[in-house]
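Below are structures written as structure tokens.
Next come two complexes built around chain A: one with chain B, the other with chain C.
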Partner chain A sequence: MRSEAEIREQLRTFVRHHAGGVDITDDTELFTLRVLRSVHLPELIILLERLRGAPIDVEQLRIGDFDGIDAMMARFGAVQP
Partner chain B sequence: MTGPADLARIGLRWDPSGQAGLTGPLLALANDCDRAFQTIASRWRSREEAYPATLPASSLHGHLRSFPHQVTFATTLDPADANLGEFTDGPVVDRTGAVALTRTAPVTAVLTPAACHHVYHAHQGEQLPTAVHVTTRNTCFRRESSYEPLRRQWTFAMREIVCLGTAEETTSFLAQARAAIDYFTLLIDLPTDWTPATDPFFRPERHPGHLLQRIQPVKHEAIYGGSLALGSANLHHDHFGSAYSITRAGTPATTACIAFGLERWLYALVDRHGPDPDSWPDLLAAARQVATR
Partner chain C sequence: MSALATALAQVSQTTDRLSRLSVRAHQNPYTLVDWPSAVDPERDWFSTPEYVSLHGTAVWAGLDDSARRRVAFHEAAGFYSLNIHGEKTLIQGLAARLYRSDLAGSAGYLHHFLDEENKHSVYFGGFCTRYARVHRSRQAPWRTDRPRDVDDFLFFAKTLIFEEIVDHYNRVQARDARLHPLARFINDNHHREEARHLVFGRRLVTELWQAADWDQPTAAEIRDDLARFVTATWREYYHPDVYADAGLGDPWELAEAAWSAPDQRTHRRQVSADCLRFLAVAGILTEEPADAF
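Presenting the complex of A and B:
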């Protein structure tokens, strides 16, 4: 089981890999600022599902859910028992 | 509540295939409605551009993958004399109403799915020195599982106002355009609410476009009566700028559009103000107020 710190670090690694050298912090608005784009979303969701050990219902996604690592952790970061 | 009999009395000629003919007062209202949107478009000195009924399929790769269930293709017969002869010697149309096709030519054209696609295609490769605003109207084609007069149709008229510019220019345009529509609907007493929306993507659960629309405020619809989208405000980021090599300030242009489904406005106006043309609001006067505000 991964800790929340491990999930956060894996998300940082994913974002840095796709950010093209852009400096990011955990509250950088990744999709608003176009650091990440729509093509990255399916892979990001699959990564989050794997890290948290639970599926994500895309019909329950809300505006802002992915706009920053902090936002992702708040919405999806809780580790499943 | 507006019934089919009311609509027929004022000029609707409904075809159950999902297409509406307009005559009489309803046609006049449709023309006024479109002129009103053109007048609102003049607020940004939008230039009018007119385009044909089809787009090259080669320019719509992404759209065809995203909305295959809605697309209508322009199909022709293989022009070989023998093939045409085989067609004319056959039943031509069978008892179910289906055309008894013989060999068809390669399908290379798509009937317009959204009016603004023509604008990006036509401006391909341009380097824009300033933001560009365009207004265009086209008959659009979208297959649906069921149809309802003026509310959901296979073919319908779409008027759009399109902005091509920087991210800041398009964001500003959308804010102004939404405010303009709010003022217009206030003046004509047609209450609408803006709500975040998604397009009907094929297999949406893992479609990047659908996912983005769920997490980013890139599409909003102006809803009348709780469920009828009269128009939409759409931010495409640099999707079309990149796809069509349109640049602004040295980077792929950002695009945004406001789209109006004309038949739906007719439905809402008649629903709100009744079928008597004397009770309908002066759309052009209201639009002039919006444009000069």
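Presenting the complex of A and C:
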């Protein structure tokens, strides 16, 4: 199982790849500030599933769950028991 | 008058003709198929082996024939599932535009389109619920606050991209004599129906794009959205749940490895070629979608 640091680093890499040169930190509100848009979500969800090794139920999601690396870690960082 | 209403008026001769064809091809999905009581995933092919998402990978090379057929069976359920989810989004979008105040004159063809998409899902769902399961999608259905004309264009352009890729698989698998007759029927029937939708989609998307008067940042964002959609659509073909159902280990890593495999990159580029050529000739996409290949 990946550590929190590894998961954060891969999320940062994903966000930087799509951010178009915008400076981001772990608490940058990625969707509120339109650094990412809804069209990025399927790939983001696939990445999160792979990093945590467990599925994510898209029918139970809110956009706020993805609005920053901190927010994603809080919601998806660890597989729920 | 909205841009969509104007474009639909421009293509009205096409939609009138397609409506007549739809009436002639009208079918009852509840009586047309004689569903077998059971199928044997390790005896029959349900997907064209060369179109299985693991084809060309080391894992595929290491499987015996019955294991390959088993993977191809679950991949068929995965393919039908992504059709179900794509059609669900399409049905929602069509229903939202049906009898919209500016589109009332175009309701006739929208009724056919919506009706036919629902019927396709009856076939896809019929297979998945009888013999496998409906796999989940990662396409999150969130609303956006874009202007209506941008939303209308993106809706029909994404629909076209999705249907063009699916139709390529349908055409190949409908003709593949190795496949179980049920798999061939589902693919063939979908292809025959989608042929009308693709004619409509190409004409409408061209009209909408040519008439659009978007500023450069808006056009750039639309192009980026469509390019990302191509990638996201293809990602759905590499489904960890499908691999898990087929008995393969470490399904998320397997999905990532298959996505990155050179043979699979080539396959995606070949299957997408017609669609991307259309989008390029229409001036909609000016470069190849990043990350898709």
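We take it that the second predicted complex is superposed on the first by the 77 of 81 C-alpha atoms of A that agree within 3 Å, B and C clash if a C-alpha of one lies under 4 Å from a C-alpha of the other, contacts with A are read in each partner's own complex, and residues count from 1 in each chain.
As a working rule, a residue touches a chain if its C-beta (ideal position, glycine included) is under 8 Å from a C-beta of that chain, and two chains touch if they have at least 3 such contacts.
These numbers were taken from a predicted model, which means no experiment stands behind them.
After superposition on chain A, the partners chain B and chain C are seen to clash. Applying the stated contact rule after C-alpha superposition, one finds that A:50 touches chain C and leaves chain B untouched. In the superposed model, A:38 lies in contact with both chain B and chain C.
Applying the stated contact rule after C-alpha superposition, one finds that A:63 touches each of chain B and chain C. Where the contact sets of chain A with chain B and with chain C meet, they give residues 37-42, 45, 58, 61, 63.
Remark: chain C residues 136-140, 142, 144, 224-225, 228-229, 231-232, 235-236, 240-241, 252-253, 255-256, 291 touch chain A in the complex.
Contacts from chain B toward chain A in the complex involve residues 196, 204-206, 208-212, 214-217, 237-238. For chain A in complex with chain C, the touching residues are 37-43, 45-46, 49-50, 53, 55-58, 61, 63.
Residues 31-32, 34, 37-42, 45, 58-59, 61-67 of chain A are the ones that touch chain B when the two sit in their complex.
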